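In the two complexes that follow, subunit A is the common piece, with subunit B as its partner first and subunit C second.
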Partner chain A sequence: MSELAIDTTDLAKTYAGVRAVGGINLTVPRGSIYGFLGRNGAGKTTTIKMLLGLVRPTTGSARVLGMDARSERVAILQRTAFVSEKKTLYSSMTPFELVRFSRGFYPAWSDSAVEKYARLFEIPMKQRFERLSNGNQTKVWLLLALCQGADLLILDEPTTALDPITVDQVMRVLAEDAPERGCTIFFSSHQLEEVERIAEYAGFIDHGKLLMEARLDDIKSEFRLITAAGSSLPAQTSSQVLSVDVEQDFYRYFVTRDAEGFAAALSRNGATVTSIANLGLREIFLQLIRKER
Partner chain B sequence: MYFWKCWRETYVSFYVFLFIAITLAAFLMRVFTMSGAPPKETFVVAWMLLVFASSTLLSLAGISFGATGIGEEFAHKTASFLLTKPRSIRYFVWTAWTANALQFLALTGSMVLVGASILSWRCHMPVTGRLLLAFAPGLIMTFLLFGVTYLLGVLHKNGRNGFLSSLGVVIVFPIICLTVEYRWHIHLPSPADMYSMGMSDLILHPELASNLPHFGPLVGWSLVALACPFIAQLVLERTEV
Partner chain C sequence: MLFHINPSSGVPIYAQIELQVKNAIAAGAVKEGHALPSVRKLAAELRINPTTTARAYQNLERDGVITTIPGGGTYVAANVPRFLKSEKLRRLQPYAKQIAVEGVQLRLTDEDILKIVEEELAKLAERVGDRK
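And then the complex of A and B:
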């Protein structure tokens, strides 16, 4: 059995000459929580759709739970739960009827989970879907995904339209309940705080290109922000210096690898290094996107 | 599951059609058997009238039920929900086909049952298998219209547009056939070829009523009716959501 829940090789999708996803190599370990980060239109949804067989890759391949995404679509879907970016469901059905509809497709479906999450998320189970608030519609999607007993949860912007309290509940459920069963969670988001809170792994995508993919702790320890004061300090980017902000005699270097060595070199050039700071995921994300642009 | 969903989407229309079918059958049979004509002629004409009435009603049902297929899932943006269920596209297409086919058979069956009961009672004549076969063209026409509407709904990714296009086909195709026949004396195959006679022929020659429908066109159009959902399946298997 493959150690990877998702494994893509040069996965690419082009629409009428426009590259939506450009040859990405994702590796999502089994049992992990993986945050897939990117701006709107970065290629997150297209990537997810290729994993689920909803969109055919132009080139490259994807393996999901060890199976080929193109030829073993049904077998993958049997073990994969999905929450779509667009939270539309059958408008005239009630959540109760949607449960009734979905239940039969999944052998590992859990009715006790339906009760549990319906209560937890306070979903009005007998109200027509079209009459539910946007937040409740999102909750119904999550409920349907969480009750499937899936080995892999693929969630595309799962917290859209949810209030902070429900976001907190959802994050707790994702962080606690799913890994307990050994379930892998792959979720896309541009809410960096959510990813930082629960994800073990993160991948950054922009303009269809995977900028970085690693364990979240490794990503955080990889980058430093060095603030230095001095005149005529180097202001060029390099493989080590990803970006430089200059304001009068103050320089802010976004540095990867060996920040201490770089700070020492600055000091030797007469700079006063005022701080070497760790960065949050938001800053790292913004700096990486900036560098790409 | 999906069968239940298909039924859920059409059951209101089905009950409306069922009500109309039973009422129409009962009304037509009652009115015709009240005339003073000899029972045999009354029986034959009333029966064929029932056949044409059921053809018309079922064709309407076929076109309207065809608009509720997967095409609508795209229009309502629920396709990504449905098509991430662990089933093949073939399953979705043919389950919908089966669910609708059963409803068409139930509608036909109800009309036959009501009509045959009243006729047997009033005319004291049995309904033979030969007479029952007269319903075959209408039923195949229904499947054909259902299939065409379903396919066009898939191609448009919108059931309503599929319905409108299908109506267009129903109106334009016979006009094309008639025009070609009139101007160039070329007979284009048409679903009307399945019927052994038209309504006007029947009125003039009621003894022809027990003629069997034309076998060749019956088989040919049955294959076309089956090809439509199959093509829809192939299209869907290549469609991106």
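And then the complex of A and C:
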């Protein structure tokens, strides 16, 4: 069995000559929680649809739970729960009916999970889906996804319509229940604080390209923003220095590793290092995207 | 014990947990034999990834701060911590540097800077004393 829940090779999609995803290589370890980050239109949803076999890649391939996303699509869908960004369902059915309808498709379906999450998320189970608020519609999707007993949970912007209390409940469920079953969670989000909390790995996508993929703790331990004052300091980028801002005699370096060593070298060049700052995910995200422009 | 983490601070969450356990011990708020929440329970409480709490506990255990009894919970260890003095000093050095740099930038005198560290030590000694 593959150690990777998701493994893509140069996966690409072009719509009518426009490149949506430009050859990305994702590696998502089994049992991990992986945050997939990018701006609107970066290619997140197209990537997810290719993983699920809902969109045919132009080139490249994807393996999901060790299976080929194109030829073994049905087997993948049986073991993968998906919460789409567009939360439409059979609108005249109630959540209760949707549960009855869905459970037959999934051999590992759990009725006790239905009860648990219906109560936890306070879902009105007897009201027609179309009458539910956006937030409650999202909760129904999450409920259906969580009860499938899936090995892989793919969530596309799962918390967008939810209030903070419900987001907090969802985060607790993702932190506790899914890892306990060894379920892999792959989720896209703009909510960087959530990703920072819960994800072990993060992938950053922009303009259809994967800018970086790494363990979050490693990124945070290594990435630093160094500000220094001096004249004629180095201003070229490298694999260690992702970007440099210069304003008169001030230089700001976005450094990916060995910040102390880099700062020491600056000092030897006569610079005064005024700050070596840790970076939150928001700043790292902005720096990575900016560097790409 | 209670934890609070700030996911956006730039400090890895596992390091925040480690520091809070060490602070609690240094301040005498938890003592030898005090039970810590399980990896899973703490992860659920803080809404964080269980691998993050596991990593914090592994590091604390490696440092001799806590002991885990297989199937029996996690406890504050006896005689924490057992580092060589050189190792202890190495760990403290970045903080000392930060105090020195900040102090000089604020144009404080060396005496002022040393005095404020001494005051913090005195406060700690007082608090530990209170709990004995």
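We adopt the following convention: the second predicted complex is superposed on the first by the 278 of 293 C-alpha atoms of A that agree within 3 Å, B and C clash if a C-alpha of one lies under 4 Å from a C-alpha of the other, contacts with A are read in each partner's own complex, and residues count from 1 in each chain.
Operating definition for what follows: a residue touches a chain if its C-beta (ideal position, glycine included) is under 8 Å from a C-beta of that chain, and two chains touch if they have at least 3 such contacts.
A quick note: this is a predicted structure, and the numbers were derived from the prediction, not measured.
In the superposition on chain A, A:Leu89 contacts subunit B only, with no contact to subunit C.
Judged by the touch definition given at the top, the superposed model places A:Glu3 against neither subunit B nor subunit C. By the touch criterion defined above, A:Gly104 reaches subunit B but does not reach subunit C. Applying the stated contact rule after C-alpha superposition, one finds that A:Asp249 touches neither subunit B nor subunit C. When the shared chain is aligned, subunit B comes close enough to touch A:Gln78, but subunit C does not. On the subunit A side of its complex with subunit C, the touching residues are 32-33, 168, 171-172, 175-176, 179-180, 192-193, 196-200, 216-217, 220-221, 277-283. Put simply, subunit A touches subunit B in their complex at residues 49, 52, 54-56, 74-75, 77-78, 80, 82, 84, 86, 88-91, 93, 100-102, 104-106.
The touching residues of subunit C, when paired with subunit A in their complex, are 5, 7-15, 40, 43-44, 46-52, 55. Taken in their complex, subunit B has these residues touching subunit A: 1-2, 4-5, 8, 76-78, 80-81, 83-88, 240-241.
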